[in-house]
Structure formats: C-alpha cells, structure tokens
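Paired with chain B in one complex and with chain C in the other, chain A is shared by the two complexes that follow.
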Partner chain A sequence: MKGKRIAAVLLSAAMLVSMAACSGGTANTSSAAANSQAAPSSADNTAKKLTIWAWDDTFNVKAANEAKEIYAKSNPDVTVNVVSMAQNDIVAKMNTAFESGNMDGMPNIVLIEDYRIQNYLKSYPGVLSDLSDITKTDKFMDYKLKIMTENNKVYGVPFDSGVACVFYRSDLIKQAGYKDSDMQSLTWDKFIEIGKAVKAKTGKAMINVDPNDLGIIRMMIQSAGKWYVDADGKADIANNAALKEALAIYKKMQTEGITVTSSGWDAGVAAVNDSKAATAVMGCWYASSIKKAADQSGKWAVAPFPKMSNVSGSVNSSNCGGASWYVIDKVPGKDTAKDFLSKTFASNTDLLDSLCKDISLVSTYKDTASGKNVNTPDAFFNNQPIYKDWNDWTKNIPAVNYGTSTYDIESKMTEAVQSIVKGSSIDDTLKNTQTEVEGILSAAG
Partner chain B sequence: MKRNKTLSVLKYIFLAVLSAVSIFPFFWMIISATNTAAEVNAGKLTFGAHLAENLSSLFHSDLHFGASVGNSMIIALITTVLALLISSVAGYGFEIFRSKARDRVFNILLLSMMIPFCALMIPLYRMFGAAGKAGLTGIGLNTLFSVIMPSICTAFLIFFFRQNAKSFPKDILEAARIDGLNEPRIFIHMYVPVMKSSYAAAAIVTFMSSWNNYLWPLVALQDPQKRTVPLILSAMGSSYTPDYGMIMAGIVIATLPTGILFFMMQKQFVAGMIGSVK
Partner chain C sequence: MNGNQFPADGQGKNQMWKTSDKVTHHTLEKKLNRWGWIFVSLSAVLISVFVFIPMVGALIMSFQTGKGVNAHFGGLTNYIRLFTDQTVGKALGNTFIYLIIQVPIMIVLALIISVLLNDDKLKGRTFFRIAIFLPCITSLVSYSLIMKNIFSNDGIFNQMLAHIGLSPILWTTDPFWAKVLIIISITWRWTGYNMVFYLSGMQGIEPSIYEAAEIDGANAVKKFTHMTIPLLKPIILFTTITSTIGTLQLFDEVQNITQGGPANGTVTISQYIYNLCFKYTPNFGYACAVAFIVVILIVILSMIQMKVGGKDNQ
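Right, the complex of A and B next:
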C-alpha cells in the first residue's frame, strides 16, 4: 500500500518536473522572441561596459588590453573588461549560447579562429553583427576578408596574419653547401634536394613532422588556392590535384629520410630548439617558439614558403592559422562594441605597430607596412627585417574558402595521411576520405 | 618453501613496478611545479627552486585562481551534502518500501543514466536562462546554484544506496517499528549510523566528480570571478606558449582536496565499496 503511494508520488513528481521543463522552454522562447524584437526597436545600443573574450595571455589578450588603454583615452566613461579563456572553452560556450538563443553572459566582442568562422556565419545567421561600416575592405588583405564575408556583408575585423614561411638555420644550410639565396623562391623539389645535402653533411634532419598535425599539408594546398572544400563549401578531396601533390611531397620527405618525427606540439618545438631540424615550415607566429633557444641567436633566417612546381597556380605564399574579432549582435551595447573596434583594430596603425613590437603581431591591415616597428630588423634573425618580409608575403596569400568543418575534416585526413605514409595508394585513400567528408558536411548542414 | 620465496619476490617486484608507474605522474607533477616552463619543456626531473615564483604568478595573474578554489570548494561541499541526503533517502525508500511499480520506476531511473550529459546541456541552459529572465535572481545562469542543482540527485547514487540498503538487516527495522519509532526516525537513528561507510564512499565519489566537473560549469558560469578550478586550469593551458611551471603548481593545489579527503576516508571508502554490513 505504502509502496504504491510512494510510486504514485514519484511518478507525479516526474510528471511535474517534465511539465515544468516544458513550460520553462516555452517561456524562454517567448522571452527570447521578445528580446529580439526589443533590441532593434530600442535606439540605444550603447553601453558603459564592454566585455571581450580572447585566449592567449601573451598574445591576443595582451593585444586587447593595449587596445583597451587606447580606447580609454578617447572614451573614459566606458569600462572594458578583457577575459582570458581557453579557446575550446570559448567555442563550447558560444555553441551552447547560440544554439539555445540565450545570450546571457556572452561578451560583446569575441575572437574567433578563421578556420571556424564560416560555421558560425552559416549555422547561426544574425548572431554576429554586420561590421561592413567599420571594416574597410580596401584596407585589409583580401584572403582574410573573404572568410568573414557572407552575402557581401563583412562580419568581422581581421586580426593576425598566419603567413607561412620557412624558418631555416643559415649555418646548417651553409655547411651543406648552399647559400641563403638558394632558400629564396623555393620549390618543394629544391627543398628536398637541400634536405638530402643537409642530412648527408650535418646528420641533421631538414624538417620536423608531427603525425597529428597536418598544418604543412594545409599550407601547401592553400599556396595553390585550394582547400579541403571548394568555393561552394563542397568536399574537394578525391579530385584535388593540389592535395594529391601535397601528400606526395609529404610522403617523399619521409621516404628520403630528411624528417625527424615528434609527436605533439611541445615535442616539435623541443626538436627545433635542440637543433634536430634545420628548418621549420610554419606560420610566422612560430618565431616566438624558435626564439626560446636564445643560444641560436643570429643563426636563423626566414624565407618565403616553397611552392609546388607541379601544380599550376601554386605561389610562394601561404597561411597557417589566424583569428579575427567579431561582435555578438544580441548582447546589449553593440554600437559601443563597434565603436571600440573601429577606433582600435580596424584603423589604429599606432596600436598595430606597437603590437608588432610587443607581441610580434603580423597585421593584415595594409597601412601597417610603413610602421616603425614593422621595418625594424630583428637581431635574432641575423638583422633580417622579418616583419616587413612577412607583411610583403601576406599580400600574396591565395584566398580560399575554409568551409564549415575544417577540424572535423582534418581528423579524417589525419587517418588518411597515416595510411598513405604507410604505403596505401593516394588515389584510393582519398576516394574513401571524400565519402567520409561528404558525410561530415551533410551532417553539419 | 624456496619456491614460495621466489614467488613472493616476483610478486613484490611486479607490485613495485606497478606502483612506480602509477605514482610517476604525481611525482612529475610535483617536480614540475618547482621548475620554470623552460625546464619543464626540457624534461628536467629534479626539484627546482621556482615553486614560490610559480605560486606567486598563479595567484597574481588576472585569472582569479584564489577565488576559483573558493568557488569550487563551496560548490563541491554543498553538492556533496545535498546529494548524499537526497540520494540516500531515495535509495532507502526504493529498497525498504515495497510496491508493484517500484522496480518499473527504478528501471526508468536507471535508464536516465544512459542519456549523455551533452544531450541535456542545452535544455538545462535554457531552463536556467529562463529562470534568470523571470527575475528569479540567484537561481539563473551564472550562479553557483545553477551548477549545484543538476548534480544533487544522480541515478548512480540512488542505485548505490539501494544496493547498500539491501544489506541493511530488516530485523532491526521490524524491531524499531514494533517499538513505535516513526519512519523518518528509523532512517536517521537506525539506518544512517549503520551505513556510515556507504556514506563515506558516496561522499568521496560525489565530491570528486563535483570538484572535477568541467563541462556544465564551463557553460553555466560566465563571470571570470565565478569560475571553478578546472576552468582556470584549462584557460592557463590554452596559450600558444603555456607556462607549465605555473600550471603544474595550480594542478598540485587542485589535487590536494580530493587527495586529503581520500586519505581521511580511505578505510570507509574501501568498506563502502565492498558493502557496508558484513
């Protein structure tokens, strides 16, 4: 008897809970709707407090803080709060908030990685503010603008360039019988030829490879204006000539024995710092990792990215990584947020030039080329004006569509690359991967 | 006799190797907390002299690490107390009171263990968001309440307490009823004292999972000052050039509470896992 009563109570409690959940849901939808109606009608989109999210205390968080100081001079009444958070955490929070339509606690301005932005623009239209009026398209590099443009509207303010380059040990290249001039306008064939000489004469590897990081493949295909997806966002794997050539080069470097393998990011940096590899082919941001080995000062130099001689359209310029600033539309204060960006990252060459010195920023704002710090030679790189060089190379980076699912595709590609290196045929493996990637893209919508 | 001796020597060697393997990560963590990031990267395995430096950068950076330890502690303690109270009453009820529907209800409850948390996250987020918008301050998103609430009653704990209640001698129950004790008092005065070790085991498990909980606090808490320890540790590790010395010092501090709790309750924990009443 008693048992029945308890079961009844439990059941009704369960029903109550589920009903409460339902009503909670509807209440929220209606309030969200009310909110979205209220936002445009209220003319006042300004705020006295702005929040910015970014993820690296030594890099983009520091940049946001310097921008905050500059903005405070002209707008002392606005408090800017810069919050440092893990990038994956920012992504998780944005996904939950955008999916549920509840923007409570979201920041006004957020930094989003270029590889990820298409997903937000396509899956959550209207969530990010149109910044066409503050981002002047003739002032920024094209490749950077392309990824944040949707229906002719620009949704972000470009931040850092990830221009790709060859960091190389000048001393080791010379020991192998080559000159600095041989490293300019490289092709991958020449790179491998020099690599074999370096291995034979110095015993060192030419380059470090990390089986779990396909950055180098991504850089190679972007140098030919290609990506894992085509301009329409459809999978472009099996018939992608640039990708096939990139994989063939990647495999050839390993079969020729000019690589050293380290698993994981820190192991790769350690390999370079310990002089196990004569070059590092990376985005410009890798310079800070190279500079950790202070005893190698003066031995390093920077050369443009090698091109693929067998692929038409491949140039000596590419990109790896990079991020941009975005404004979340429904968070109160979007006009203040836009004002902040327009006075700092979207126009202020003094700020961008001092960031070049403070955080080694390579900007994608064209007018920074004449800045004082940008043209200062770097002693660690044998007094080469590296920032000026990077700036020049950034102009030639081919624009590609990164699509919505770069990281998901990359995990499938990692498996494919492993089996190709072990001896599977490139064509067959890529055919399978094409099918898998089509599945990922159709699931992503 | 001789064979036995070799066997036990082999046994000890095997056990020694196993313990070395399981202790090494902790050893590495403590060593790294005393070294600089560069030394950690270089694989240095001896104690360094930078512990104080790491601790001061840990507490003086803008990460609010000190506050996060406080937040985590409050959340973990309240969650543990409430979860033990609610789940033990429920588990006890399921075992002691009989009815036809009992096992059906219990099975439905167990089914809920199969729903991954990710599937519940967005509904939960909307519920707490709506509560905040409805003007119920203190229970909306971005409050400690929103982190505590979803984890105070779990199917696992109810199951655990029900299993343990099975070994509770029913004779005591009958005797207490005949002597005129009412049901709540039977629970408090008869059941709870006998089940101490179950409570200890459940307390450790709940405290640990609450202390280490990552996904839900990440989504629910937005103020930097309200973040919990795992969130801060994750934020520290995400820089392009992480300061491993400082991170390891943070991890040592994050490991201490569960470590202390476990060593305090080790005996009861083991007994509770085996079964309370023998």
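Right, the complex of A and C next:
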C-alpha cells in the first residue's frame, strides 16, 4: 500500500509538472502582454549588425544572401547575418515574442507569409515598422500591397508572387489526344474532361490532392475574388457561391477518379516527380520542385490557372502563397534594416532580375518585367518564356482580404471537405462550418 | 519510511512526555524542524515559481478572449466555445480511441512478452529482451518519420501488399487507417518499455510458489492468470496509469506521422493546444481553456484507475 501511495504522489507530481510545462510558457506571456504597447525603445535606430530570418535555402534564403552581397558593396561597415529556419519555427517564435513583447533574440528583418500578416498587423500593432517611405505603392502589384496595408500605411516590402498556374506534362496530354492549345484559357470542366482522357489513355492521374492542404480550393476562390472571409474580415462560408462551386469541382475530380492522394508536402512532390500525376496546379514557386526530376526536362509546360465557368467574376488567374519582408520595430537597428530593404528588395531591379535566373523568382515589382532574365525562355519547360508568362498573369490576380485566421479556418475546412467528399450535402456542411468559423473570428475580436 | 527520518512526528512526541530530558529533546526537535523547513522551503519556492504561479496564470488567462493587444477578460467565453468547437470533440474522441484501444493492447502484449522472456530455458533471452526494449531508446521524431515512410501510400508496406496481390491501404490519407497507423506506431514504441517493468516485477516473485502450483497441477495459462497477473497488480496499475497519461499527452507521433490529418482525423488534444498557440493565429486564452480540460480529465481518469485497481489491497 505504501508503494501505491508513493506511486500516487509521484504520478500527481508528474501530472502537475507536465501540465505546467504546457501552461508555463503561456502564463509568462500574459504578464508581459501589457508591454507590447510600450513606446519604441531607445533613440539608437541604426546598427552595425543586421539579422534576417527566412525559411527556404533554395529560395528566399538564397535571395537574402544575394541582397546581402549587394548591400555590402555600398555599406561595407554593416554585417548582415542571414539565418535559415523552418517556417513553422519562425511563426512559433514570432507568436511568443509578439505576445510577450520581449523581442530578445528576434531578427531585424523577417519574412512572413502573406496569409499570416493580417493577424500580426491587427493583433500586435506597433510591433512591425511602418515601411511606407521605402515601399513605393506605384511600383508593386496591387493585390500584394493590399494585404500589408493597415490604416493607409504599408508595413512590408513585397517579395515573391505566388501566381497560380497549371504545370502540365505536355507528353501525357498529347497521348491523351489533346494539344497544348487545349490547355490555354482552361475552365475546370475542360480540365476534368482532359483528366478523364489522360486517365483512360495513360493510366495516370490528372492531379495530386492532399486532404490536409486545401491550396487548390484557396486558389479557386481567389480566382473569383473571394476568400474564407469577406472584405470586412467576417466569415464568408455558407453563402459563398465561389466556395461552393470550388468544393463541387474538388469533389467531382475525386469521384471521376482523376486524382491521386498523398499526405504531406514531400509525398505530393514525389507523386509529381514519379510521373503519377499529369499536372500540378500550384503557385509558380513550385517550379523548383518540378525541376527536381531532371529526366523530365522538356516534357513540362505551364498554362494559366483554370477558371470556374459557373461563377461570375472568376478569371484565369489566381495566387497561392507568397511572402514579404517585414522589419520588427523594437529590435535595435530598424533604420539600418529599412535602408537595407530600400536598397535591395524595394528598388534594385538588377538584384530582382538576377534572382529570376538564380531562384526562379517571380517578383511583384512592376519594373522587373523588362529585365533580361525575365524574358529568357526556360529549357526545362520546353523553351517556354515562363517568367514572362507568370509576370503577365500576376497582373490579373484578384485582390482579396486574407483576414487574420486563414490557417484556423483551413483546419475547419479540411473537416468540411472530407465530409463533402464522403457524400454530405455542401450546403449543410458549410452552414455548420460557418458557425465554427464565426467562433474562431469572434474569439480573435 | 518518512516517519523514521524525521522524529518530529507522533513517535517523537510520545517520547517527549515520558522522558525527563524534555528540554534538550525539545530543542533538538526544534533544530531538526528548522532545518527541515529550510530544506522544504527551497523546493517549495522553486515549485511555486515554476509550477504553481504559472498554473494560476494559465487559469486566469483561460478567461481571456481576443488576440494580442485585443485580449480582455471574457468570462466563460472560452469554456463555452469549447462545447461548440467540433475539433475539440474530434480531438477528445481520437485521444480516447487511442486510449481505449491502444493501452489494453499494449499492456497485454507487454505482459505476454515478459512472461515468455522470463523463461530461464529460453535461448537468446537477452537478445530478445534488448530487441524489444530497443524501440524505447529511439527518438520519438525519428521513429515517427520512419513509420511515416514505411506506411506512406507508396511505402514499403504497400509495396509488399502489392507483391502478394493485395490492394494498397491508404494509411496516411484515410481517417480510419491513419488512426490504426498511430496505434501501431505507439504500440511498437512503448511495449518494450512496459515489458521491462513486468520483467523486473517478476524477478520479485518467489519461484517456489510456481513450483507449488505445478505440483498442484496448474497449467501455464492458469499460472499466468491466477498467479502472475495478481502478483504483478501494483505494477500493472502503475503502467496503466503512466500509459494513460502518456496517451492523453500524445503529440510527437501524430505531429510527425500524419500532422493530425487527414482533416483532423488523428489530431490529439495536446496537438490541438499546440496548433492553437503556434500553428494557427495564436489564441493563448482558448488554448489554456482546452489545457484545463485535459487536467480535469487526467485527474478523473487517474482517480478511477486507483479506485478500480487498488480496491483489493485496501
């Protein structure tokens, strides 16, 4: 009995400790939350050392490093430190630092995904610096500026376009009896029709879907100028005609058997690289993943995003992902950080043009359209001038308000999508989801 | 045990009245008492600062709604939202499915394996013990990634199925099979851990009682159900409670194998709390409210298990 008592004491201690491990971090943040509104720190706004956080070694980290070299030429006395960190880690660190108001260890410049920025601007005003004086609003694409503007102030420097497109295997489409011209100005109905032919003639799926990632539905609704929330940030689910149509298309693709399912990012890329799917409908940044399969060089082509024929206002252009640079206001050295951005990503067309060659960057800076590399054809994509195409399509991307809670809503939407695919009525399911999303948004209040 | 180390207890007092050197004993007692309090106060302060105060802070925070600078006292809003949030229901449901199915399977497996490996006549017994215990020393993340790889839709397991002419199982994209995969994974990882407890418990069972039972004509099954299990009861209770707590806090495997998917089909409560803080738009108040639900659940479950498991002993 004594042994049991000791075990009981040990267990309850273990429970307490483990609970505290969970609550400890959050409790500390509550006490310090009040500080986040404190006046900006000391007058010293210049620094000899800058830190930049970004998350993709083959993409935005490389871009930051090239910018660093260019900046070093004009400002040799400033040391720039580019840190590569997983995006999830950056988000977790920003969440805790912004909530607590303690900016120790935070970088001067950070890359933030466009879907997330509204939350940081609304929940933590004053944490990010006003960059209106270095981001010239007439120089960048509108849809990109809109998401980083709050009270007529621009808080970021736009980086990459996530212009959506259809990457497709020209050879498989031809085997199925269609031509490259059939892939232009697609509608989703036509896409499914071609998909059925591809499945019948080649045995391959038309597209890969991941039940955890609704990127394709997000792209569809943005092509109609809609989102999970409306322009005022209110939940827009149950009466969202574009969303309903997107879900119907998504379901139809599965019932017609033209999809292959995989879980997680790497599995999706593998499915494309292993020729399991004839197309990938993604943001332009997906090109680097497609190019991993070097043996498929010359077989790929790029077409504009399909539109939804039953939804008025749906265009052959949309967006998926994309990120922008931001300066954290309370980290010492914000003037140097702004100077860095203004001399690189906010104005330097040479840098942006060479990034087009080095990392396949599609910039949202309007002047890059005339750059040398932007107009160069790409051998992997059968000598198609893909960068020029993407630049053109970027201009037509409908601007939407991403709101503050894209990923919370998406998590609820994955549940809705699953029950719809299994046969529930779209209207009833979305009504339910509407209530849940309203709960999320009112809690954000 | 504790009483003997500190004579400040009842025993000391009885002596005090009887003996004549009351004063000296009293000062010794006081001195011991003082040192006792000094020792206790150190850990008391530490545990207050790092455990109790944050717990109270979290409780206060669980009544706050709004994000960032918009946070304000919201009364029971977060707790009310718990009841309308279907993901909480899903996460609780998943957690209990893991609990109800996985813990018994694992405990029974561990018991059977430990009985088999306790046999002196078994050759290579150490090898098997090591082999079965080995999963426990692998990192949670790395074994999860390997499981994910083996059971991915075109992984080794499905290729094996294809070779013997069966259709592949969608382990990671079908909500049912994804749960099965999680259960398989945690069973593989933790069975050996529990086995070690039972093995060490069996070393304490006198072999002569088994001999006596054999003479009385008990077969192996009888010996297992009527002797080994009752004698190991305290250990079984202990492992059941730790496994229950472990399952309620399940995070790493789900995060790495399925990321909670497909469509929150495998999400657990701890993972949902994590998502609310770090994956979604941070909502620490609501996350704290969910965390307190887990506290209440663990307390209730542990009480039930102590009651059920400890009845005979008291």
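Here is the rule we go by: the second predicted complex is superposed on the first by the 401 of 445 C-alpha atoms of A that agree within 3 Å, B and C clash if a C-alpha of one lies under 4 Å from a C-alpha of the other, contacts with A are read in each partner's own complex, and residues count from 1 in each chain.
Everything below uses one rule, namely that contacts are C-beta pairs under 8 Å (C-beta built on N, C-alpha and C of every residue); 3 or more make two chains touch, one makes a residue touch a chain.
Every value quoted in this text rests on a predicted model; they were computed, and no experiment measured them.
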Review point. Which holds for A:99: it touches chain B only (first), chain C only (second), both, or neither?
Key: both
Exercise for review: Tell me which partner A:128 touches in the superposition: chain B (first), chain C (second), both or neither.
Suggested key: neither
Exercise for review: Could you tell me if A:186 is touching chain B, chain C, both of them or neither one (first, second, both, neither)?
Suggested key: neither
Review point. Where does A:84 make contact in the superposed view: on chain B (first), on chain C (second), on both, or on neither?
Key: first
Practice item. Look at A:264 in the shared chain and tell me whether it touches chain B only, chain C only, both, or neither; answer first, second, both or neither. Key: second
Check your understanding: Which chain, chain B or chain C, is in touch with more residues of chain A?
Key -> C
Practice item. Give one of first, second, both or neither to describe whether A:111 is in contact with chain B, with chain C, with both, or with none. Key: neither
Exercise for review: Once the structures are superposed on A, label A:57 by its partner contacts, choosing first (chain B), second (chain C), both or neither.
Suggested key: first
Check your understanding: Which residues of chain A are in contact with chain B in one complex and with chain C in the other?
Key -> 2-4, 7-8, 11, 14, 24, 27-28, 31, 88, 92, 99, 270
Point to revise | chain B partner contacts - residues on chain A that touch it in the complex | key: 2-8, 10-11, 14, 21, 24-25, 27-28, 31, 55-59, 83-89, 92-93, 96-97, 99-102, 104-106, 266, 269-270, 285, 288-289, 292
Exercise for review: Please name which positions on chain B make contact with chain A in the complex.
Suggested key: 38, 41-43, 61-63, 93, 97-102, 105, 108, 121-123, 125-127, 129-134, 140-142, 215, 218-219, 222-224, 231, 234-235, 237-241
Exercise for review: Under the touch definition given earlier, write down the residues of chain A that touch chain C in their complex.
Suggested key: 1-4, 7-8, 11-12, 14-20, 22-24, 26-31, 33, 36-37, 88, 91-92, 95, 98-99, 116, 119, 122-125, 210-212, 261-264, 267, 270, 274, 404-405, 407-408, 411-412, 414-415, 417-418, 432, 435-436, 439, 443-445
Exercise for review: Mind listing the chain C positions that touch chain A in their complex?
Suggested key: 1, 50-51, 53-58, 60-61, 64-71, 77-78, 81, 84-87, 90, 148, 152-154, 170, 172-173, 175, 234, 237-238, 241-242, 245, 249, 258-265, 270, 273, 275, 277-288, 291, 294-295, 298-299, 302, 306, 310, 313-314
